[in-house]
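As written, the chain order gives the labels A, B and C, with residue 1 at the start of each chain.
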Amino acid sequence: MGTRLEKLVERFGGRLVGDGAIEVNAIAPIDDADGSQITFLSNPRFRSNAARSKAAALILAPADDAEIGPEYAGARIVADNPYAYFARVAQHFMEQHAFRAVPGIHPSACVDAGARVAASACIGPNVTIEAGAVIGEHVLIDAGCFIGRGARVGDQSHFFANVSFHAGCEIGRRGIIHSGAVIGADGFGFAREKGAYIKIPQTGRVVIADDVEIGANTTIDRGALADTIIEEGVKLDNQIQIGHNCHIGAHTAMAGCVGVAGSAKIGKYCTFGGAAMVLGHLTIADNVHISSGSMVSRSILEPGQYTGFYPLAKNADWEKSAVIVRNLATMREKIRELEKTVKRLTEKPSDTK
Amino acid sequence: MGTRLEKLVERFGGRLVGDGAIEVNAIAPIDDADGSQITFLSNPRFRSNAARSKAAALILAPADDAEIGPEYAGARIVADNPYAYFARVAQHFMEQHAFRAVPGIHPSACVDAGARVAASACIGPNVTIEAGAVIGEHVLIDAGCFIGRGARVGDQSHFFANVSFHAGCEIGRRGIIHSGAVIGADGFGFAREKGAYIKIPQTGRVVIADDVEIGANTTIDRGALADTIIEEGVKLDNQIQIGHNCHIGAHTAMAGCVGVAGSAKIGKYCTFGGAAMVLGHLTIADNVHISSGSMVSRSILEPGQYTGFYPLAKNADWEKSAVIVRNLATMREKIRELEKTVKRLTEKPSDTK
Amino acid sequence: MGTRLEKLVERFGGRLVGDGAIEVNAIAPIDDADGSQITFLSNPRFRSNAARSKAAALILAPADDAEIGPEYAGARIVADNPYAYFARVAQHFMEQHAFRAVPGIHPSACVDAGARVAASACIGPNVTIEAGAVIGEHVLIDAGCFIGRGARVGDQSHFFANVSFHAGCEIGRRGIIHSGAVIGADGFGFAREKGAYIKIPQTGRVVIADDVEIGANTTIDRGALADTIIEEGVKLDNQIQIGHNCHIGAHTAMAGCVGVAGSAKIGKYCTFGGAAMVLGHLTIADNVHISSGSMVSRSILEPGQYTGFYPLAKNADWEKSAVIVRNLATMREKIRELEKTVKRLTEKPSDTK
């Protein structure tokens, strides 16, 4: 049940060194791989581990291939980006071994007669699909999901169990939404009157492009009047909150627990470390990278890495530094006083007598 | 299918200037509105945009009305709080266009014979309602929700899909709970014994008053012995965590990702920016405003705005400032030394010779 | 329907002082308890309240028992750890009064013919259990839960409504998972190629030992190749995110909103305050305690309490201190200049003339 190396190269490219008829049946880490498996070297630091690997084949970069030496006896696939190659080979084996759901609608699912579900789609147990929803080819909707009125799910998308995807929202092709995610809940919008809040109806949608992955329990709110937009290739980890009317540029990635307040406009190819927060109505340029735990309180118009979190310390040391931080204005004042006095001393030393 | 301006004024008040027979069928932003729509001006900064608007009618404040000038040719509704007026008009159009669920219990819902569901309520597909639960008039419980034993849901409340509302909990009238929210999970309470934890049963409830809105994937824990209390008009955004035995005062609003540890007592009319955190057992007075990303580690007894997050910087600059923050005690010591020396220099310069 | 004190001592140990035939039917706080209830004293500060308590019986430590005095007339149970004793007695009454679900599978549940469910287990309405899953004795799976292919749930575990527990994952005995939690979603793993991301299949599992409790809407991702491991007795509060391939040591507890990035290795008996964050690939020793709101950006190899959050201040004061924090390097430079000048002044005062 293995795959010949020549098949891999045929499908994913790269230059094969060795016997193309060798079969591999899984991908494994350098140190664990055995003679039925393929491994990969993506960091030159592990070159000597690769040389000792018992894997049947090794994916590696041209520079590493030039240095690998005769100690390594297996076959090689030389690829410009061995880590990306590994990802593709891993996907290949995943597809081979993955459970294959049978197309059709589970009898316990409640699919409104006014919804349109492709014959190749799989609708799991206890799913609800409302009128006007459109479910594309080869889509998987797992158990307990909710798809609201008029929502659209693009071909080959996969919703894991218990996703809520609200009325009118859209996701493109090959989208992945993990369990517990909520797409298209109302944005947080109120008018204040005499201290109390009057709800502003949230009539926009969430519109998600192709190849977007959304993590477990992540929430993306629908727009107030306009839409919330997620461009192609965006990757969101778990527990993320995206406020109404945000616009997230293509191929931006956010780690877990990030929060983005309403109407923020974030560029393409950005990255956000875990628990970073972005205030509302800000603009963030393309290629901006925000470190974990950092609060973005102003627009960032220049690419680069930005950080802002309090450094961790032993509690007793933190207590000391925190007290000083609170009183930095006093410290600055003392320095100013010192500067004045020292200036007087240096300029007119006779005055001090 | 429009609404006459005179109808709006009849329903929501305000002073009409122009032809009451004009019909409008939607609300739209100043720059987008066309001759079949109504718009609003809530910020004097956009007065000239309003003057150029093609809207059939404009909601605005008396001060703006006095200044609007003859350029604007449409009808006007003069209201003291145009933004609140806008919210009400938007609700009016929302109600007109909203899908209207048919009262009744979906055949796939599992409603215990010992539950009491008003005939005007709508219970969606795959809902579970346990014994003793009471569901009020015109309540909407959307697909996949769970309502535990003896829970009570007040008239006109709306639970979106996949809400979990646990045994014994209560919510008042006109409550809105968004998808994935969990009300009444066990609080986090343990007794420690030899390093391990023994669970303390959480036997209190969550009691929520009228006109409360709770965001997607927000969690509010049940009390340990007493109840967790949410007063009327509280608005909670998504991904918020409220610990057991908290008490949140009326008309307090919290943005996404806020966390409140157990037994915190928070006043009325407070606001919390996104990802603000409150430690347990603290008291926060009425009208306290906490900025985003700020950690409240002590009680706050005086109204006002409070902030505490590390300012964002380019990563290289942050690294420098973070190292100094870690060593602020050393810096303070140096300043003290300087002060001593300088004092000696100024007082007895001869000693330094 | 009460419980005789002698029964409690028989079951939970401790030394009884007073009439073992006295019956109590609930546990209540010192000041509220009446003659049909038992209370406890875990903090000597409340000794005088205990002395005045109207409770039928009082659980207290030997040191407090020696001091309680004749004012208190009720029975006493003297125990080394009265708070743990209280927890156990509270559990006892909880069990007595708790709703007892009838074993069996609700007719609306979709249990695959290839799943194995113990006859003593209770499977609630609208639950989905896929092929190969194994559900142990006396397990409770509440409404709307999803259990994936080949997952294993140990004896006496309890999943509250709407939990998602994915394929191949395992939890031991007496596990508790609260509503909305997602166990075994894909970890966040991608290879980057030309700016875009290629998904790395996540083929590991989540393996959870005995006596673990997992809070509402908490997410624990499956491993990439190896497994994510949660050791026995770990307690996780709500809204926590645990990344792929993490390893959490036994009896570690985390408060709400904590985030742990992938491949972090956390020791035993640690505690994490609310919203603490841990970066990926770090190692944290046993008995490390992280304060709320603190970002752990380096490995911690020494036990102790660690903290790092910006101290809260009135907004105006924070603005001042934040500006200085941004410019601490300038301040340090000024101090260095002062030091140089003052050194010159003290060493060779004549040079300054």
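The definition used in the following text is that a contact is a pair of C-beta atoms (placed from the backbone, for glycine too) under 8 Å apart; a residue touches a chain by one contact, two chains touch by 3 or more.
According to UniProt, the chain labels map to these proteins: A, B, C = UDP-3-O-acylglucosamine N-acyltransferase.
Quantities reported herein were computed from a predicted structural model and do not represent experimental measurements.
Both subunit B and subunit C derive from one sequence, and where they touch, under half of the residue numbers involved are common to the two copies.
Between the two copies, subunit A and subunit C, the Cα superposition rotates by 120°, quoted to the nearest 5.
The geometric centre of subunit B is 26 Å away from that of subunit C, both derived from CA atoms. Across the assembly, subunit C contributes 108, 126, 144, 162, 180, 217, 239, 257, 275, 309-311, 313, 325, 331, 335, 338, 342, 345, 349 as residues in contact with two or more other chains.
Only residues 28-29, 81, 83-84, 86-88, 90-91, 93-94, 99, 106, 108, 124-126, 142-144, 160-162, 176, 178-180, 211, 213, 215-217, 233, 235, 237-239, 251, 253, 255-257, 269, 273-275, 292-293, 309-315, 318-319, 322-323, 325-329, 331-332, 335, 338-339, 342, 345-346, 349 of subunit A touch subunit C when the two sit together in their complex. Those residues of subunit A lying in contact with subunit B across their complex are 108, 110, 126, 128, 144, 146, 148-149, 162, 164, 166-167, 180, 182, 185-186, 188, 190-193, 195-201, 203, 217, 219, 221, 225, 239, 241, 243, 257, 259, 261, 275, 277, 279, 290-291, 294-298, 304-311, 313, 317, 320-321, 324-325, 331, 334-335, 338, 341-342, 345, 349, 352-353.
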